[in-house]
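What follows is a pair of complexes built around chain A, which joins chain B in one and chain C in the other.
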Partner chain A sequence: MAGGISTALGAKSVRSGQKVNGATQESPWVRRLIIGTGLFYFALFLLLPLGSVFVEAFRKGLDVYLAALMDPDALSAIKLTLIVAVISVPLNLVFGVAAAWAITKFNFPGKRILITMIDLPFSVSPVIAGLIFVLVFGAQGWFGSWFLDNDVKIIFAIPGILLATIFVTFPFVARELIPLMEAQGKEEEEAAIVLGARGWQVFRFVTLPNILWGVIYGVVLCNARAMGEFGAVSVVSGHIRGETNSMPLHVEILYNEYNFAAAFAVASLLAILALLTLLIKTFVEWKAAKVNSELKEG
Partner chain B sequence: MSIQVNSIYKSFGDFKALDNVSLEFPTGKLVALLGPSGCGKTTLLRIIAGLETADSGQVILDGQDASDRHVRERQVGFVFQHYALFKHMTVFENVAFGLRVKPRRERPSEAVIKKKVHDLLALVQLDWLADRFPSQLSGGQRQRIALARALAVEPKVLLLDEPFGALDAKVRKELRRWLRRLHDEIHVTSIFVTHDQEEALEVADEVVLMNQGKVEQVGTPDQVYDKPATPFVYSFLGSVNLFHGRVDGEVVHVGPHQLVHGGSTVADGSSVVAFARPHELTISKDPESLGVYAVIERVLTFGATSRIELIGLDINEEKTSQNYEVELTRLEVASLNVAEGDHVYLVPKKLSVFEHKGTAA
Partner chain C sequence: MAITRKSLLTVLLGISVAFSGLTAHADTTLLNVSYDPTRELYKDFNAVFANHWKKETGETLNVRASHGGSGKQARAVIDGLDADVVTLALAYDVDAIAQKGLIAPNWIKRLPDNSAPYTSTIVFLVRKGNPKGIKDWNDLAKPGIEVVTPNPKTSGGARWNFLAAWGYALKQPSGNDQKARELVTNIYKNVKVLDSGARGSLTTFTERGIGDVLISWENEAYLSIKELGPDKFDIVTPSLSILAEPSVAVVDKVVDRRGTRKVATAYLEYLYTPIGQEVAARHYYRPRNKEIAAKYSGNFAKVKLFTIDQVFGGWDKAQKTYFGDGGVFDQIITAK
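Now for the complex of A and B:
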């Protein structure tokens, strides 16, 4: 995750290194065996399931596929997933950039604690994350009766799903930016301040352009998780069809009802989203590596 | 603008970076802050700029206490060791940055900015690089651009933090001469930090020598080189021969030998360290001469001078652990007729004596 960009850089150097040195290469059959094993695993555990999603989705023909997607419940699930992503991703973007900026450019008490806390959602099981919100906001929870009295619905409603999603996607942008900004140091910002730039000018004209690709990378990952999150959302959603079912939950319901074609049809949308994410991620990595290598030459 | 700092203290955890530093930097001069790494010189520079806050003490700019003034309002230009150019901006935009971020009513028009940037680029002789990005420039070019960028806001003071530290030897040399000429042209009060004594002595009007958070000596390059105030300055500026002994009237007793010194304020009988630079020593074969007994290890001649390396000898003519270095002209070496392996006396032409304080040099 955080190492994504640097890994891409490393891969590049390995590729160019391979051609040169015959003396350090393994014998051909060892190489074939190792590459073959890798490809076999890749096919078995990645290609096969991915392919099967699409095969199953179209097994009963295009009409059934389209009908499954046009179903009002499916449309509502798609809509909910999009709403959740549209709200949670920008919020975590703002939080992530602000947190990374504060952590890397300033010293303040409680900095270590903040760094540790940012990682919390990664170390807590999503189901637990969902349960936390049920315990706090649910009918039997701490604030439950107050919300009930004031007719505010959080659990088993969209706000709960939003909270759970924001919680699980909380670290993506910040985690991506902290190492990047740490590596860049403070000198450019200091130079800008000495030249008379104000706080927001420093951020807008100096910091942001330097971290732009890191931000995009974080947002792409954050978005993929926000749309695909199952566990935490499942706990707080209540599975009300047409209301609080997101796409992953809808897939599960359809599958449990033996409606395989429809389940795979909706699943195929998520798979397409995943492929798209990978594509953008690869592009951003390539772009970031290019920018990085230019900086290193300099 | 004159700069003054009054009893500045600064520590990082247990480490005392600056320990009661008071200095005055005269208007229009180029001053070098010189010292080994970790002596606090960069910290002092950053405190003057406002990038760092002193634990106590004052920074006075132009007669006014600026200790609490924000960096933006101090009107300083700062040049960083690693240039700190904005990587995503062209050279032109880098230099224009300080003008563009001014509040709207102070901001010059686009035409004025354009003219000013080109004038500055002409001043640093890099007008033809305006459209390039920093990554396309050499280190020396980058540092000149960084300087032009700092000058764009017409700072009253120019602060340079090891400006040539990241450059190779040849470029360093060129660039420091260039900086000297530039300073003669623009006369902005400037302070630059360096650990390179040659650089400081060659470029600066005045040198401030610092060690372990304290100021050791302030003076012109000639003063600090010829009349070092402390043992530290002596050993930091150029190579030096060191004698441990006891002072007694006109002479210093070094083991069984005596050396004549040029006058000292140290009380008779005290333990002292005495310094002589390689060119302040001569060699004599006369056993009557007042000098330290040593054997010649090597004679290295290049150009007009010879460097002679010697090792001290005790009364039994056994080698001691003391090393000496003498610089003589080629002619002197020829007339003395010395060769490797000769046993000789080292006679100082000039000897500076300091009280021995245990920790000194």
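Now for the complex of A and C:
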């Protein structure tokens, strides 16, 4: 997942330059078998489930579908999911760019530890992530009584959901940028400094243009996860309908209430958001490859 | 450290202030934190009560609901979920909240009938036509029967299931603790999926098609037949079962802080009125009110019931003996 863009960025420009001719010497049936297996898996594990979501969603007709999405609890879930994404993604964007910049352009003690720590949310189960926040901010937690006395709600309210989402989506942007920026090296920045650019100017006119598409790619992935996160959010949500239920949680509730058409309707909306994300991702990859090859040619 | 903690608090404070506008409503709100199978009951009841409250006081009341495994929900309230009232599966979970000082210790005496406005019992849901011939608790222990029940550690219903089986074995001729343990151990040997809540188990059994028998709340069993069609499942009532008393209580700490004591108390008391009792009965909970019970008697199978006080000496004792860390349930599961 992480580091995908860097290979895509690097490899595509190379590939477009050379003629790929007779890469394999295998006989046709071996090729067909391999391609067939690939397609079969693709259909079975990706297309079929995705298709079934839409089939189930529209099983009872468009009216039921729209009613499910217009339900006040569903609207509130959609709103909550969007709010969480709108806040957590920019925060992770700022952090991710800053962290990747610091790590790849400078040497400082504790750099290795920082890189490892950034990966922590990938290796920690989301449920544990949620529980950490309950332990720290819950009524029985470290700050619990202070929050209670001051009538500040963190856990079982939107701030808690935000915290959990930020934790889970923390590494996406940074992890995307670090390999990319490492590959690019720091010669251009050094040249800029020699030419008299200040720190901010170096970033604005040299670093940022180089990493822009990587940043967007990271944001897209980060956003997808922020909207889809279930485990961590489930622990800190409190499951109050119309208030702290995000879209994935709402899907589960509807499903458990025999409201299958509505559950799949909301699920299909999530799937559409995911497909949209993929579309943007593909566009970004294409654009990045184009920018790269133009750079090489020019 | 001091600086980072302080700045962290400032940031969080900022975020939460920014969002207070989102969660605060001009109308009165009430949060009912309940257990898994009461979703339909309280959806109905909340509307009925909001209507009543509007007529009575002119206030627009917005009752919010949160559902999940009873033990899990109690834990959430302890951890700070702002429940004005809790309507949980059993007294022990309310006790657990009371032990943390959020509810007055005498809560069970504050409302009639042990603060349980409706009751239920434990029955079996089987595949249509009962192909495995399941009639009573000892059938569940037979080899080759696949049983579905939630995890007693998190689910209130599952604890009732466990104790109902145990009590049944005790009440058999020459029944004793040894025999009860044997029966329950064999039943859990047959358990294929331990979900965290009753609703999860029901979905496992009905939707995913796992298991021959679901040990279920009576109301859940009737509800699934109503929702999914009588042609798929049958209800089997055992010869003896437990009288399940789901408890309700006002969460004192929360209502005093939010100033909602009056409406929260009225909400719970309304459950005991004929209208509230009728809503409960419509959702297959056994009403306390004699007249309503008579009216809906056709809905409920006649079954001999024992109470937890009679057989197990109350919830506190039962919880410690059977479901505490290293208790009987843990021993059975590890032995399995």
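The rule is short, and it goes like this: the second predicted complex is superposed on the first by the 272 of 298 C-alpha atoms of A that agree within 3 Å, B and C clash if a C-alpha of one lies under 4 Å from a C-alpha of the other, contacts with A are read in each partner's own complex, and residues count from 1 in each chain.
By our rule, a residue touches a chain if its C-beta (ideal position, glycine included) is under 8 Å from a C-beta of that chain, and two chains touch if they have at least 3 such contacts.
Because the structure is a prediction, the values reported are computed rather than measured.
S.K.: Please indicate which partner A:276 is in contact with in the superposed arrangement: first for chain B, second for chain C, both, or neither.
M.R.: Neither chain B nor chain C is touched by A:276.
S.K.: Return first, second, both or neither, reflecting whether A:206 touches chain B, chain C, both chains, or no partner chain.
M.R.: first
S.K.: Let me test your reading of the model: by the given contact rule, A:188 touches which partner, first (chain B), second (chain C), both or neither?
M.R.: first
S.K.: Touching A:156 in the superposition: chain B (first), chain C (second), both, neither?
M.R.: In the superposition, A:156 contacts chain C only.
S.K.: Given the touch rule stated above, what does A:196 touch, chain B (first), chain C (second), both, or neither?
M.R.: Touch partner of A:196: chain B, not chain C.
S.K.: Is A:139 in contact with chain B, with chain C, with both, or with neither (first, second, both, neither)?
M.R.: So A:139 only meets chain C here.
S.K.: Who touches more of chain A, chain B or chain C?
M.R.: Looking at chain A, the partner in contact with more of its residues is C.
S.K.: Can you list the residues on chain C that touch chain A in the complex?
M.R.: Residues in contact with chain A: 9, 12-13, 15-16, 19, 22-23, 31, 39-40, 64-68, 76, 78-82, 100, 199-200, 203, 227-228, 257.
S.K.: Going by the contact rule at the top, pick out the chain A residues touching chain B in the complex.
M.R.: Going by the criterion above, the answer is residues 187-188, 190-198, 201, 205-206, 209-210, 294-295, 297-298.
S.K.: In the complex of these two chains, what residues of chain B are touching chain A?
M.R.: Within the complex, chain B contacts chain A at residues 49, 51, 71-72, 76-78, 80, 82, 84-88, 97-98, 101-102, 134-137, 146, 149-150, 152-153.
S.K.: Would you tell me which residues of chain A are touching chain C in their complex?
M.R.: Going by the criterion above, the answer is residues 83, 134, 137-141, 143-144, 146-148, 150-159, 162-163, 238-243, 253, 255-258.
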